[in-house]
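Structures are listed in the sections that come next.
Both complexes below contain chain A, partnered by chain B and then by chain C.
And then the complex of A and B:
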């Protein structure tokens, strides 16, 4: 028996280790994204996020202060300042020519033309002196430096205070909530009928629903929009509710039907014997018992409509009163996708609401995931 | 209840937004800035109040603010209300909207190929001979702008379907003047000098070029610009036109030669930052950053006039970075060819307001308002060149006006599966080491299947 106990404890360790490793593997990309969301564009392009926690070696090109910041010091004209602009760091070398950016050690004095001299200290302070008044553009200072880790909230600031974000949030809610509720309502009725009401062609109907699961929604975009235009709905919220409901229904019906079919037959039959109508059975017995499945589908549908960009782009206009959050965040990136550094930050901003929904309904999700899988 | 409440809130905010849009500010008060042609603004005044116009275009963010600053003058002159919305998936959206029957009144196409497609399916309203005549007379190289936007309609009769507004210049080489000074280089005037300079930079221990082709689903397009520029510099404009229409086959030695001319730069490990292998995998938005690295990762970058938006923050064009004309061979008598592109306005639904808007684009003021800000070039001969907001734009405008040959981006004119497909992927393959003739033959094979 001791033996068995001993094996068990070492196995537990192995399981824990494996779990930890797997969790780490799955969480790693998210951590990377989170770290990146606090870095500015230049940092993201020059080094990986895993290096952001350590002091980084950097080559900076710094433009010395403007000519109108100069002052007179005895016979000399002086421009001074700090190459880190106060952010801190340590200069390891500096230069005045792009061909030799690390020609001088900190503290040394470099000669530029016309008697102009430049000295850069290890802490980044520089002093540019000249016998005559500075004119035109100030020279560039090339600095090799070690800079401490630096993080910024700029990305979040830009996303959170973007023009129209509040509006877009409302729009997304206007799309998401009805687009989650409508398919659940319809699917619950349909699933009950398909599971517990006897009528000819039921099996065929179920097969058709399962078949619809594999139809890609992209195929339906143009015909559906055409239909909406002909019906006079055009690009309105009602249109996108209908579209989302339609695209969500096959999965919803399939999921709920499989769950309801697994409910104990005895309860339903005894209710029938007691004289309950189908509607009463549905309302009083099936619905409460199917709550986990309903909730889990609600989460699925909510997440899908929340993250959706394609359906919203097609069925809603691009104007501010119809632009959803995903569309707005994409627009923030600019005409040619140049502002991509806000992507990570916007991912975390837009994930906030789904996270709340997920944690609020998490216990149903786990139960609901098993819905229909075990009979 | 939640749904209803958010709906009500939505309606309330909507009403609020509507109020704001109505009071759009004019960037320059009419009559004040003498550089702008206010007579044309006053002359355009007409009454369209109560009418609405929707415009869909590719411009977002700062570009959207700029186009809206122009639209504001149209609103002020007519009283019509314009809703501009931008989309970065414009190409897909306009096709869906047109086919489903809910297009905007006016669509702004980033390239004419898509407009041609939609026109041939009958989704675009022809602008008429008057407009064609106006463009031919008032644009520099006017007839070529007319030809670029003249397509067969659904019934096969050709007509003018688009109005070009806002040109882009592609034949530019960007560099950092101070890096050139430090090393004692001069901006080259001929292709021979450019190649000699590239070699000299290598001999001095530097790397001359930064080239990046990465662009998501459109990876490869920067190389098509290179090849088009090389076509114009190695063969006649007539051959270029024949190439666009496939009279000159893609695998013709002339085209293969142009591809190899590009390869002379991009496939030379010593000439490209990161080596030839890095060309296809570097994003075009990141590639110009090498110019500003310390020590410089490269000295030159060939890219269109829009690229400064991807320079590091705070870069001053004309001082921190500048450009020169991507030169032509002195040894070949082909003049000063310029490659460009432009956005073209198409009328999707016929209405008095839409007609009026196209007319508005003919007025100098519609060009000058954007010129006086940034990022706008125009072939309109009637505008005041002094209106350009900065020296850089003026210099670009000069290149555009001094061009002996102006040709539109070929890949934008070729059929979609070539110009936005096989040509791109072929260039990626070529940059990756595949043989030029084999790549060209493959593109031609794809083209043959389209006929």
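And then the complex of A and C:
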């Protein structure tokens, strides 16, 4: 539109800036969590993720080593060590009580009572000395420090193995793959019948499919759970496949029928003249030609079943063998509310696959959306 | 084990279609003496072989539950004893239900409007620049994220530390830097409902943008060119020429998001679980089903959701029939 007369360059700039602002607003939430999922857990709680590339200022309360770690050095008893426990950092100030936690500069020596002295170096090494043997609890050291940014894969390692996310990942796959393929198969046949075969009641069936597109899931849960329990598939994978297939069918049939109706009549007619049965026409001609529509629906159904929480909660148990990722994520939100390193890493494991599918197949997703919104 | 069941599930389905058609072709071979009659009769039967699994699944999973739910709504918590309209009279007097209705109406007012508005802006902006496709992909991306995942993302933004600790939630960090006191955003009524709505708006804007962008590109060039010749400014062209031509698409986007809103459940469950005045119908239904263990009351709530969807359903069917003629 650059050639439009009257388009001022200031307007072009406004468009660029507004778009950039909008994009930033839309991606920042995700980026925040993504960055956090790679951060050290102590740093997550002491500085915002937007400061993750800068050294973090931290106030640590460190208890000096136990009395039994002391050793004799000439006339003095000594306890020493490092307040960072080897993790690295820089002490900017230290103190010996909570009222004045930054009373001393690194390298200075603080006097505690009874001749006990404490020195903390900038690198975190401390040395506690006393004329007599230490007894009881060691004093606390208050340290203001700057720690360098620390990034780690530990969070991912922990959620995959210790928190059971690896198992949940497999469970989600077990739900998703058949729940995507089965409705495609069933819907493709039905869509062909509704598009190209003549039989009484066809218009009525099409209208019914359009109507069923919007039936809320909530409606179906209780009756179906009872039915599944009676059939003995109340908490079985086959139950959730059937449920997902049933709920996904209206959209599948609607999308595929709309697409198949648009295929050229001549191809089908000439195949019929050549003596092909409808089954052969469907398999050899319609199915390959309908690939774009099949792909569109496959992506929809995949994203929907992968991301679903409601159907999985109702039709599967929450034992480790059946808990899917969304269900686990929800449980973690309850039990590990403040542990953002766990939540962030878990969320990203569950988001990763849909995002890959999304970016790889965006073209088909858009096409499906355009065809699927009821006109 | 799971791998085995996957194969059986998918294979069973394929086997049905192959075998049923094979049987039909064997019983009524399209050749020989009766070829003509056989073909005609097979053509009458075959549509139903194609349709059978679909019709069965639709009937069992979407039609049958509607009737059973109506039946349950007249029975007690276990579905055994007939209780007349007890569940309905409970419903109208229940304060949580009234809260849910109020919130659902609020969601219905805000979310479709905001998503469509932002979607329209995003579509108009991204269609004009060279990196528009990249921008579109970024705004569209939340569509791929689960509602639970989105809830984690946004709960992190609303995070509250307090007690003089550094705020690590973006909202509180911004709020504090502007001189405010850190807030527990998700417990503050009535603003907390809006905090939840933002999550859904964030997800749905991409959908609105994609559809509206296609509609904008489908507008005939002549109308825009005529307006330019008449000296209309770009803003005028957008508001007076383009938008009026895509009202139909805007309505479609609006109704589609409306249906999503009526079914919204995961976000409320994961972020507040309906506490602090944020309850909505879908989560209320889930509450009565799982924690209340009351099929009667849960079914009544489900029927209310169904009732709210019905006008859109009828409108869709009428439009579809008009198009087929």
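Basically, the second predicted complex is superposed on the first by the 289 of 375 C-alpha atoms of A that agree within 3 Å, B and C clash if a C-alpha of one lies under 4 Å from a C-alpha of the other, contacts with A are read in each partner's own complex, and residues count from 1 in each chain.
Please note the rule applied: a residue touches a chain if its C-beta (ideal position, glycine included) is under 8 Å from a C-beta of that chain, and two chains touch if they have at least 3 such contacts.
For clarity, every value in this text was computed on a predicted model and none was experimentally measured.
Touch criterion met: A:177 reaches chain B and chain C at once.
Judged by the touch definition given at the top, the superposed model places A:253 against chain C, while chain B stays out of reach.
Put simply, more of the residues of chain A are touched by C, taking chain B and chain C as the two choices.
Applying the stated contact rule after C-alpha superposition, one finds that A:330 touches each of chain B and chain C. Shared-chain residue A:220: touches chain C; no touch with chain B.
Once the two complexes are overlaid on the shared chain, A:137 sits against chain B while remaining clear of chain C. Shared-chain residue A:45: touches chain B and chain C both.
Look at A:271: by the touch rule set out above, it reaches neither chain B nor chain C. By the touch criterion defined above, A:98 lies against chain B but remains apart from chain C after alignment on the C-alpha atoms of chain A.
With the contact threshold set out at the top, residues 45, 170-171, 174, 177-178, 181, 221-223, 226, 237, 313-314, 330, 333, 340 of chain A are in contact with chain B in one structure and with chain C in the other. Across the complex, chain B meets chain A through its residues 2-3, 6-7, 9-10, 13-14, 17, 56, 58-64, 83, 85-89, 92-93, 96-97, 99-102, 176, 178-179, 182-183, 204, 216, 285-286, 289, 292-296, 306, 309-310, 312-313, 319-320.
Those residues of chain C whose C-beta lies close enough to touch chain A in the complex are 2, 5-6, 9-10, 13-14, 17, 21, 25, 30, 42-44, 46-48, 50-51, 53-55, 57-58, 60-66, 68-69, 72, 79, 118, 121-122, 125-126, 128-129, 131-132, 135, 137-149, 151-157, 159, 161, 165-168, 170, 173, 202, 205-207, 210-211, 214, 228, 231, 233-234, 248, 252-253, 255-256, 259, 262-263, 265-266, 269-270, 281-282, 285-286, 289-290, 295, 298-299, 301-303, 305-306, 309, 312-314, 316-317, 319-321, 323-324.
Interface residues of chain A, counted against chain C in their complex, comprise 1, 4-7, 11-12, 15-16, 18-19, 22-23, 26-30, 32-33, 36, 44-50, 170-171, 174, 177-178, 181-182, 185-187, 189-190, 192-194, 197-199, 203, 205-224, 226-227, 237-238, 241-243, 245-247, 249-250, 253, 275, 277-279, 282, 303, 306-310, 313-314, 326, 329-330, 333, 340, 343-344, 346-347, 350-351, 354-355, 357-359, 362, 365-366, 369-370, 373-375. For chain A in complex with chain B, the residues that touch the partner chain are 41-42, 45, 59-61, 63, 97-99, 101, 137, 140, 142-143, 167, 170-171, 173-174, 177-178, 181, 221-223, 225-226, 228-230, 234-235, 237, 313-314, 317-321, 330-340.
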